[in-house]
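This report concerns only the one structure given below.
For reference, chains read A, B and C in written order, and residue numbers begin at 1 within each chain.
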Amino acid sequence: MTAISDRRQLAYIAAQAADARVNVELEAEGMTLNIGPQHPATHGTLRIVARLDGEQVIEADPVMGYMHRGYEKLAEVRTYPQVTTLINRIDWLGSFANEVPFILAAEQLMDIEAPPRARHIRTILFELARIANVTLFLGDMGVQLGAVTPIFYAFRDREHILNQIESATGGRFHPNFDRIGGVKDDLPAGWLAETKQSLGEIRKFCDQMEDLILGNEIFQARTRGIGVIPADVGLSYGLSGANIRSSGVDWDLRRDGAHPGLAYNDVEWRVWTHPDGDSFARYWVRLQEVRESCLIVEQLLDSMPSGPIMAKVPRIIKVPEGEAYVETENPLGVMGYYVVSQGGLEPFRVKIRSASFSNMSISPWLLKGTYVPDVITILASLYFILGDIDR
Amino acid sequence: MISMLLAAEFAWWQTTAFKLVMAIVAVLIPAGTTVYLYLFKMVSFMQSRLGPMEAGPYGSMQLLAELGKNLQKEDIFPLKADRAVFALAPYVVLMSTFLLAVVIPFGPDAAFTNIDVGVYLALAVSSVSVIGILMAGWASASKYSLLGGLRAAGQLIAYELPLILAVVGVVIQAGTLNLQGIIAAQNQQEIFGWGAIGNPYILTQFVGFMIFMIAVQAELTQVPFDMPIAESELVSGYMTEYSGFRFLMFFIGEFATANIFAFLASVLFLGGWSVPPFVTDLLGIAWDSNWMNFIGPLVMLTKMLLLTFIIYWVRFTYPRFREDQLQKFAWKFLIPLSLLNIFATGVLKVVF
Amino acid sequence: MPLVPGVVSGLGVTFKEIVKTVTKGAETVQYPHEKEDPAPRARGVIALHEENCTACMLCSRECPDWCIYIEGHKELAPPRRAGGKPRQVNKLDRFDIDYGLCMYCGICVEVCPFEALFWSPEYEYSEPKIADLLHDKTRLGQWMETVPDFEPYEGGAEVKIKKVPR
């Protein structure tokens, strides 16, 4: 027995065991197709075990966990600033949004309120993260459906937002800017005017996407009526964010669960919903949400109060005993952090309620009976990030 | 043909060798040009970037680099693949391209052959590639390739019919199946008594032209009809398991076929190698003089580049149809439309 | 049905992009022939101002990856005024940052009480081998030249601008 055949045998046995774990029955009918974990359409390492009858899906089972990085365990041995650094990387496209609920939960435990200027800066960066995240979706849905050009426009116009985030925080993708009691540093001179310009570019991009994708008859034929999620089914599966708003449910935590740590009550904005609940509706709602975010950011930029950016906190932060759960309306949905503290430098336990994990739970129900191309459309329109599913 | 060209007598084997070389040149050189122009440069400009710039001035040698890269790759056979069929499939696809190139005339005498049923041969031979794609799909022993191959079979056969029916209108107007005869008809006929530009069938057979271009897009499995490839689902469909030289065959075959179909379309609808009569009148030469043997290929190249621009412009802008929508579009819309086109052409031909 | 079908206006958008790229140039930067300047606050590399460092180990402790290696020893320095006691100072022996581990989070720069660490937007320091990414205090000190001055803040800020020791 050479070493190579030993390894091959081992790999073969491991593959059998993995398949058995997923409960793939004997192929009495249909063909089992593994969509993923290496696949252009699954946004990362997601595996969907689909049983097909020709081109129709009889049964689809998502297998998650290929990207599990152990955030909740890592958070048990790191101090609060260190945890803030790590959780940037959960939803890596709108990364500032990951820090916000955690910091708000810690502030709730410490009973501290951030000063108004810090609240404004925090909300502006939160909305910029949302714009950065959702603009990518607008282009990405095109590429999943075959249109290769819109994603380049998405990346190009997203650069304006990332440049603004970089000039304020120092990092394009992982700002690491939120601190307990406020934000890390103030904005550099000229930032407010430049950000307004970037928002103009984003608005032009939204108009381009409307012409290029939304108005395209082929896109409409591919997405209208595909993957319809009724409102009650969506709510029972725990869907959140634009997915549930496009099924007609008027629920947005920025308005309904407004937290004192964010400045949404100071601006005028509206929540967009769509009654259809299909993939087209999800695209449409997210497009309108980007435009709405531009409006919110502009109002916040105009009404920026002056003042300190950090409340009075001790240098070494020891959070008092207690537990707090804060959830916010992140770009992908509702993200919540349940922080248990035992009075130390480090949290005792951090439980992360990530949006994409609950959004994916509807996929076995939703994918039954669809065609293989529609599977891709539905997954693209549900819009999950693997880092958010697996944490 | 070249005996008339160069006013000297050549043996049969010399002419055949020359034609062989020219066939390879006629297929591969335009393929290389369109790959560079459209796949590397046009799509990049569309996407606000510059494309390959490092290999050669403005990236012109990129195709050579790709050639070298593919040639030095390992020749991989999937474990359970049917080796003979797997190896043969790219050559079948390429064979149909070269066979199609044989009938295209590039000048009054600069043609490989002048068959009386040129149109018939061209359309018949273009269906051979379906076999190659099916072979590739089944022999790859991969579920993704299988899905791609089966989708391709359905799609390519469905879109053969609009392709053929669109050409029937042209044939009725020209009155002949001979490609040189169709060019002559477009050049010599007049539109309502005005003969300055002849009668290019793109004007009178506009519906047929649109149907032909749509069917060509589907025959090439280009977006919006690229379900067989469907890059974001099937990762290249029937081509997934191919790498190295065999993949290069498919790649070049895809672009060469696009060029040949564009050549065919320019012969059928744009007047082929002939220039509008007022130009030849200006230059004082006959419309099928010996000069056209040299200008003809350039004219064909220009018309082909124009048509491939449209093909690739559409390819890089639209999302793709789903398989059943694709079939519905062909059977329920394109075929009735093309039948109507034939009916209208026949009626108008008799009336006028 | 809109007047111009969506498929046609989509073609118009891409054609306009082609014209824009040909006439005004592409949005991409042809690195390495042209280079863009990152923002002054961009987190490119960490520079060390050795005179300020007292080997207090705070940065090393707070690093989430534990990528800073510090060794120091205590020394007796001459008294500040004549006739005083010799005072004990920390001397820095070794200050290494392993950029293969560094997450570029900035916690070390933030917690340093003596302002010895600074961010610099310099990013071109890649090495063929990961082991070569462990940079010592000489190299870190050389990067101090690339540290830009702190910019002024937006109107309404109450934070004081810090100064970079040169």
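As a convention for this text, contacts are C-beta pairs under 8 Å (C-beta built on N, C-alpha and C of every residue); 3 or more make two chains touch, one makes a residue touch a chain.
Keep in mind it's a predicted model, so treat the numbers as computed, not measured.
Chain centroids computed from C-alpha atoms place A closest to the centre of all protein C-alpha atoms shown. Distances between chain centres, each the mean of the C-alpha atoms, put B farthest from subunit A. A count of C-beta contacts for the chain pairs A-B and B-C puts A-B on top.
Subunit A and subunit C have CA centres that are 28 Å apart. Here the spacing of subunit A and subunit B, counted between their Cα centres, is 45 Å.
Rounded to whole angstrom, the centroid-to-centroid distance between subunit B and subunit C, based on C-alpha atoms, equals 55 Å. With touch defined as above, residues shared between interfaces to two or more other chains in subunit A number as follows: 149, 153, 156, 212-213, 216, 218-219. Contact of a single residue of subunit B with at least two other chains is seen at positions 46-49, 316-318. Each of the following residues of subunit C touches two or more other chains: 7, 10, 13-14, 17, 27. Within the complex, the subunit C residues that touch subunit B are 7, 10-11, 13-15, 17-18, 20-22, 26-28, 30. On the subunit B side of its complex with subunit A, the touching residues are 43, 46-49, 143-144, 147, 223-224, 226-227, 230-233, 235, 316-325.
The touching residues of subunit B, when paired with subunit C in their complex, are 42, 44-50, 53, 313-314, 316-318. In the complex of the two chains, the subunit A residues touching subunit C come out as 78-79, 81-82, 85-86, 117, 149, 153, 156, 159, 163, 166-171, 174, 176, 184-192, 208, 211-220, 304-309. Within the complex formed with subunit B, the subunit A residues making contact are 31, 33, 39-41, 55, 142-149, 152-153, 156, 212-213, 216, 218-219, 221-222, 371-376.
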